[in-house]
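Comments concern the structure below.
Each chain carries a letter (A, B, C and D) given by its place in the written order, and its residues are counted from 1.
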């Protein structure tokens, strides 16, 4: 941990005042209100050591990072049957594209593009009586973190403006791959994306993807070892939309970004690290976050390749 | 090695007589002449131990696996400037698709789809006076293997029928991303793809991607450590066309397939393993090869995730 | 008229018992309940002579044929400014495709594909307090036909199942090209498509596109001469989705089809003819209707080319 | 004719010095050498009266307008069997797009996009021993015009730079819809496009599309009446690439443009009119030519709608 700590501090200082050419996401109006100077990092190793710096304890809208959690719960419930309804291939297209759905007959390319996460939401809405409450309990239980919660403001903000996601959901339903009422599915989806966590929260909650022997608060495994590996694989190939190849190439870790500016990255058997910086590059991923992680894996030689 | 050996033998016997639902590639007529019962495996560890079984010493047409070698040489020559002419993103499309080139203005998505490998060929044709000879020397030098050679028959067979690749090459040239005469570029490309190697040859030649300290016969590094890692990353995200996600998901290693039925897979810091079985699944990857590797990484717990 | 009459009778008899390889539309469940043996033709000349045969006085769901009427009203209200929000180009794609909208940034290719008709619906919803009532009054007024009405059953049936149209409407709204509430717009759209008319009703109501001097019941022009010509031009290039070229080629008249099995065709300065036969070809146009009109224009030499 | 003459003179004077926002085509280098001030119009009626103004007797590169002539000859030779190899639908895409060919399996959307004209060229190359000579004889024979000829300079210029067309030809051959050697097919295609004619030549040679009773110099019909009508229909729906709808909408006549700046338009049973002005709009059609024809059909009320 001492090596990580020193390297993180150095890169943090180096990047803190770097000219950030990214832009804060504003397609969800509420997201535009964040202070774009926020910059935090937190790492947690599988032996539960941890270190953070900067705004690592401030909560922010984790947005698409939550798609790992909903995928985890759906995978746990459905097992491999899950993959009949969503594929595991990189899309080669932006996160909210409708094009491939037309040729793929409503089967989304992977669970991390919006289309895929909406199908996963449909699965959870079909499983639970109170999907929002039950999903939140599941999340809280993983890392024994009672502070997790939705941002009703952000959820409502996206509900009002999320016409592209409404289009996706209805489009998939026209192919029969949404089973529940679209309003319910989208209400769940928008809430799920509005989850608020800090870098610290995130680097703790995703330890189950780094640690083969991870047990949640109740002493139970979250996923089988094979399932955890497979989610890591999907994160590596699909975690950054049409910049997934670039992240694998430059950083070399399974990861997932959100338009709130957060990035989570996993080193299997070692650690989970999270960076937060709200300004996004043109592909919708945190500009400074990617830069930080590239320098970090390079200096620590912790690419999985 | 003993563990690997035992597991390889077991899976080999299990799969040997399995009903292979794949089909031998016949779009290059000469490829259709291979005996579809061939089945071989060879593993070489970074400490140079090795083990093979079945038809592991028979040479076959490695086809697209050669794209790793041409990429390696071009990367060595051009450094990071290479990525101005070819991207590192999964395409989400079949290996010979022209669609994305139109919107991407002639920049191929990655060096492993045909479009990308043709651009790489153009780079090599521009560098060398005798590109075919010089590329072959480079390949022979890596693993000190004097038996490597092109199959003139296969090269000519593809030359006669490779209209899709001619289309790709001219299409890219119309965007200015091919600098040399298209005939020369394609002649190199078709020869490169016609390289013949055995599983043993392949698992030896690609050790430089597994071993950080690999030195070629002349005692020189092939690539920097960072470059080797980056090629592994591209193999993981793009090595199997629009089945790359599936391979990462099921096998969990950087790899590359060829329509000759070969698959090479790398475990960084551990080994390089090659499987050959000519019948291909609908995505153009060896049916039995993928099955073998899935079982192998599962039993040896050697997914990188 | 006597020539037309004789020819219509002959073709009617020839085709009446022809083996109809088409299929009744069933994507709107209520449409599937129609008797697929219905077959009617009606022609009205600009001097108000008319002739009909078969089921020419039975009302049926005119579906997309109604898009001419909504376009007419919107054109009347907006003038040429209308074309800022919808283009006049053939799409080269199926009627309910979302693909081009993505690259065209929410501007539908033409007012006769669903996307375009939904934008037209938005315009009308924005103009009127009671758009459904006002549109119906407009239609009734054209040919002084008090019997026109919506089919609440068909409108509700599509409302329940029209997920593709909901997707289109939300998708366009995500680009800002729908101004009103999507529910209201779709409610209008589904009602508009549910209009019930007979072949006779249709061949009378569309006389304003054939007759330069057409005056509605109140003695007013519906459109300027130039506007009427332009609607005819759009019908010719876009009236049959991705079979528009085929219709121009085989029939040679501006026309418009609906999935209820109706086809309206206009001969400028001469007549309006309507055919109804519910079984559709694979492109979604009446199989027997197209056959009838091909024979009709060929025998009467009334192609506009 | 007197009315036409007066109106043509008026519009000619009105537009002569209008600010032309178009740009001369330069993708074929030789085409860039034309004087962009050229502006000519010529009309010929079916009773052989004719009138021209401006540069109406200067020859220019007719480029894609020649596709009508090659289509005519192929249609004459093949009859309706022709349509098995090329469709009659507007493409909704730019003139040189490869996208739809991939989904349409090598069948071009229509004979007026480059892909379609290349297939037509293949048909002619297959029919004739000396296709270039025989095609030229055919053209000369239609209007008894011995001055018609190819521009070897333009043909060679395109041969050197026409990589997109080479891509198209090879791509179609990969689907089996080119039967002859691609070099021969392209050599014919580039020569065909290099035909030089004046506005006067053009308005005379295409009279066979306006006049049902047109006989060529040898007293023979060029096409049946039905065939001529069908070519007019394809011109109307497909003659201006992805601006075909706009031309039908604004001008209302079957027509065909070329990147040399020429536009031919037909009024069935009345006349053939040709305009030439080299500056093109963004869709590749003569800016001033379209403007002229819009004003002309509007003032003469000669839209076919």
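As a working rule, a residue touches a chain if its C-beta (ideal position, glycine included) is under 8 Å from a C-beta of that chain, and two chains touch if they have at least 3 such contacts.
Computed from a prediction, not measured in an experiment: that's the story for all the values here.
*Asks:* Would you kindly say which chain has the C-alpha centre located farthest from the C-alpha centre of chain C?
*Replies:* Measuring from the centre of chain C, the most distant chain centre belongs to B.
*Asks:* Any idea how many Å lie between the Cα centroids of chain A and chain D?
*Replies:* Computed from C-alpha means, the inter-chain centre distance equals 55 Å.
*Asks:* In whole angstrom, how far does the Cα centroid of chain C sit from the Cα centroid of chain D?
*Replies:* It comes to 32 Å between the two C-alpha centres.
*Asks:* Between chain A and chain C, what is the separation of their C-alpha centroids in Å?
*Replies:* Going by mean C-alpha positions, chain A sits 47 Å from chain C.
*Asks:* For chain B, what residues touch not just one other chain but two or more?
*Replies:* none
*Asks:* Which two-chain combinations touch?
*Replies:* Here the touching pairs of chains are A-B, A-C, B-D, C-D.
*Asks:* Across the complex, what residues on chain B touch chain A?
*Replies:* It is residues 87-93, 100, 109-110, 226, 228-230, 232-234, 236-238, 242-246, 248-249, 252, 254, 268, 298, 303-305 of chain B that touch chain A.
*Asks:* Can you check the complex and tell me which residues of chain C touch chain A?
*Replies:* Checking each residue of chain C against chain A gives 97-99, 102, 163-164, 166-171, 173-174, 182.
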